[in-house]
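Presented sequentially are two complexes of chain A, the first with chain B as partner and the second with chain C.
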Partner chain A sequence: MTTMESAARYFWIARTAARSNLAYAGEVIYRCSFLAIILYIFMRLWTVVYAGAEEDRVGGLTLPQMLWYLVITEAIYLSAPRVASEVDEDVRTGRLAVHLIRPLSYAGGHLSRAMGDRVVRFAINLAVGAVIALVLVGPIPLRWSGIVMFLAVLPAAFLLDFLGMFLIGLCAFWLESTSGLAIIYTRTVMMFGGMFLPLSIYPAALQPILRVLPFASMLSAPGTMFVNPSLTLLKESIVIQGVAVAIFAGMVGIVQSIALRRLFANGG
Partner chain B sequence: MLKSLVDYLQLGAAYLRININAQLEYRAAFYSQIAAMFINDGAWVVFWLFFFTRFPVLHGWSLKDVMSLWAVTTAGYGIAYGLMGNAHRRLAPAIAQGELDLWLLHPRAVLPHLLLGSSIPSAWGDAAFGYVVYFGFVTPDARHALMFVVLSFVVAVVFVGLGITTGSLSFYLGNASTLSDQWRDISITFATYPPTLFEGKVKLLLFTAIPAGFISYLPVESLRSMSITDLLVAIAGALGVLAFGIVMFYYGLRRYESGNLISMNG
Partner chain C sequence: MNRGVEIRELRKNFALTRWTGFSRSVFKVVAVNGISMDVPEGQAVAFIGPNGAGKSTTIKMLTGILHPTSGNVSVLGFTPWRDRRKLAHSIGAVFGQRSQLWYHLPPGDTFELLSRIYSLERSEFIRTRDVLIERFNLGSFMATPVRKLSLGQRMRAEVAASLLHRPRVLFLDEPTIGLDVIARQELRSLICEWNRNDGTTIFLTSHDAGDIEHVAQRVVVINHGQVVVDDNVVAVRRKYLGAKILRVQFHELPRTMLLAGVTMLRESAFEWTLKVDTAVTPVRVVTAAVLDAGSVADIAVEDPPLEEVIARIYSESRKEVPT
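So, the complex of A and B:
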């Protein structure tokens, strides 16, 4: 099989996942309405904060920029597919054995499906979030360079998150249930990634630590790049993402090879 | 009347024992879910901690007030769905799929028996979290502590009422599982932010269609003022939400159609 044929297979998995995502209108409406509620609540929260502040900027951002930052981070966070629970189910039901006999990498197949799914979810979230932000606070000045920088860090942010969730799912080989770990992981990303608060709002002593953790490069970096782009942040984010992807991918490879030694498949 | 109440309390205790024993069969999963919920709620407390470190007062609300808000909401949620897990996500799909037959065959009132039928393991983590945060972080005196305990059960009544109301939508709309989850989640989301953020028509909505006001705003106001009048208003509100749910369930039950489903309650 040539590299092109192999790539085409993974592309078709991603495409199918993207299309099937559009079929579940109920889930899309649920996600969008939840996004709308969160944006409304935070608009109220920040309006009160800015009204009491002495300057028109908090943490380096104006009120509209703060809400648009939240649109980006929420759109990314809410677009996460349920990779951990899918892998968990594969392990628990034995479906993993069926995946392994296919001429595809197990992790690669999941990655294609997750990316196809996530791109569509993110696009919908972003569109809905943008409309809500326009209604609540109006537009913010955007620069082409900022949008390009934002698009440059977004794929690695998705990839990093996928690897984190895939690792959690593989823990099903050892744990009765990985749902607890998945909650801990998502909340860690939420808190240390700067989903609700830009890192500049966090206590000063914590900021340098949070900046070098991979979580900030999943949420805070794309959000900041969109509303207040900077070349320094772009370089910093690319380095952190590169190192984190290498570490996470290495861990996935090691854990998967150890886990597969524990796999027993019975015919039937 | 009293005999019947004692009878149902004994039934509740029996179900609680059975449900916990069933969950303890998967001991590691049970404890990990409790720990995960503790961390889930803790993440929000950390968020507010960071927030109030930077902005110490929010429209007259301090960090302790927000901690009380989270404590009473999580404790009430945990008690409600730890004891009556079927009031959580199970009711709407059970009605839509015709699974009520099992409960209709018992010589008990359908609704309380149905609600007691399962327990949500992670809810115990929420209940523990609420109590730990209030007693560990807010450090109340004896009067506040007593008021908190009473209010956590009052809030549990609101959550059960809300669960019945949202679940009963399936009687009227077909499979309303998503809508039911959405309604409850939106109510909880609003309940975990200070009420001073909202005004006008939104505030009216928070005491009617989205009962966040009864979940946390009135209980926290009672804790702040330590007024018996506020407590009675909170209790009345909770009973109102529960009564609305009960009426909606039994009225809807007349429209129920059996699924001819053979099932066991194991």
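So, the complex of A and C:
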């Protein structure tokens, strides 16, 4: 088995997941409508905030930049596949057997599937969000270097979020239900990742702590990189993402190996 | 003899934790208790037992999904839990109620994906896929999303998908569950045909006696994690009931017949269905008595239904093995 063949397997899982995602038009329309409503509400809120502020910048961003930042963070957040609940379901229903009968890594299979799902969802969210932002506030100046920096931190943002959700899903081996943990996790990402508010708006004492937490690498880093790119931020983000991915991946490896050894198989 | 599956003293214990207030107690549950058996390549074996007997646990150890507490297993020369990914290329599985097909996509897309997962040669994949489409009659719905298929169509596609990489051993866990009579018969004959033509070893678990009777040559019954019966299907039926069914048609109204060990199951004017306890009265004695009772147009001696045999084995093993 060559590395290419092995990579091709996981690529095809991602490709099939992407196709499957597009097959269900109803869900795509629902997601787009939800994103449009959220962006409109935030646009109105931020307009009031900027009108009340004495400067034309809040947290270092202009109003159009703020809305484009929200487009990026919302597009990332709303593109998250249901990894934790799928792993939870695999464990609870015994569907795990269907995955383990294949010549694949369990985590690798889920990662490919999640990435296939996520890329399609993110692309649709971004397209819809961009149209809304163009209509509401118009374009912002973009540089190619900024787009490249944004694309450089995006894959690790997706990977980190996957690892976090996968770890929560694996807790189903010990817990009755992981839905509570999943809610805490998603709300933490939302609050500390900078989904609604850029980290530059948080109290100065909190900002350095939030920046080194993995949550900021999932939302704030790509969002900021898109509207206000900087090489310093890129370097900082890549280091934090690298360390966080290594820690999360190590935890997934250990927890999965313990979990699969204590696997029960009741009821067929 | 080429041994496809070798199992030696296989055991699996689970620890069950119970909380009473703040005190925690751990119980040991013995799911599989020293199973040993061999399955030669190409054989179709029914692996049956009542709920909680340890069937699924055993199958999951044979496929590498579960680690045993002790014992050895060799499937096609691999130790399943150590060589899970290598073994996966040579085995296939259908877990009745758990689909491997992508719900929103047509079966063809899952087939394509499986060909990549198993790294099949393109020409070999197309040849096998076309054979499966033809034999399993999948052509009419290969482009229909799985969510729009009937259960019968979906199960045919499930089994075909599990055969795409031409596995040498196929594990079927309740493959006909929920299917109607026709769909069940179709699926059974397809599995039999594949076993005969391709020499695929079949490891079947089912609660349906029809599946066992039509698909398997050998039946292994387990209860409380132990093998209680291991024989060929015909022998099991004979050995475990010691009874025969006699169907008789008369030209004229027969005289009443009373014999020890003979029970009338159904009686109409010109037709009798009798159950004979051969330990009490041999079949030849009953046959002679029947011929004496009236002018016989037709007579048939049959084995009792397998379902009855299985029920008896379950109830006997329940008495023998303390819980």
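Here is the rule we go by: the second predicted complex is superposed on the first by the 264 of 268 C-alpha atoms of A that agree within 3 Å, B and C clash if a C-alpha of one lies under 4 Å from a C-alpha of the other, contacts with A are read in each partner's own complex, and residues count from 1 in each chain.
The working rule: contacts are C-beta pairs under 8 Å (C-beta built on N, C-alpha and C of every residue); 3 or more make two chains touch, one makes a residue touch a chain.
The shown structure was predicted, so the numbers you read here are calculated from the model rather than taken from an experiment.
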item	value
Which of chain B and chain C A:Val255 touches, first, second, both or neither	neither
Contacts of A:Leu197 with chain B and chain C, given as first, second, both or neither	first
Partner chain in contact with A:Ala8 - chain B first, chain C second, else both or neither	second
Partner chain in contact with A:Arg19 - chain B first, chain C second, else both or neither	second
Which superposed partner A:Ile38 touches (first chain B, second chain C, both, neither)	first
Which of chain B and chain C A:Leu181 touches, first, second, both or neither	first
Touched partner set for A:Leu96, first chain B, second chain C, both or neither	second
Contact residues common to both interfaces of chain A (with chain B and with chain C)	none
Chain A residues touching chain B - in the complex, by the definition given at the top	26-27, 29-30, 33-34, 37-38, 41, 44-45, 48-49, 52, 175-177, 179-181, 183-184, 187-188, 190-191, 196-197, 201-203
Contact footprint of chain A on chain B as seen in their complex	26, 28-29, 32-33, 35-37, 39-40, 42-43, 46-47, 50-51, 53-55, 58-59, 178, 181-182, 185-186, 189-190, 193, 196-198
Chain A residues within the chain C interface of the complex	1, 5, 8-9, 12-13, 16, 19-20, 23-24, 93-98, 100-105, 261, 263-268
Sites on chain C touched by chain A in the complex	14, 51, 55-57, 60, 63-67, 84-86, 88-89, 91-93, 95-100, 102-105, 109-110, 112-113, 116-119, 145, 173-174, 205
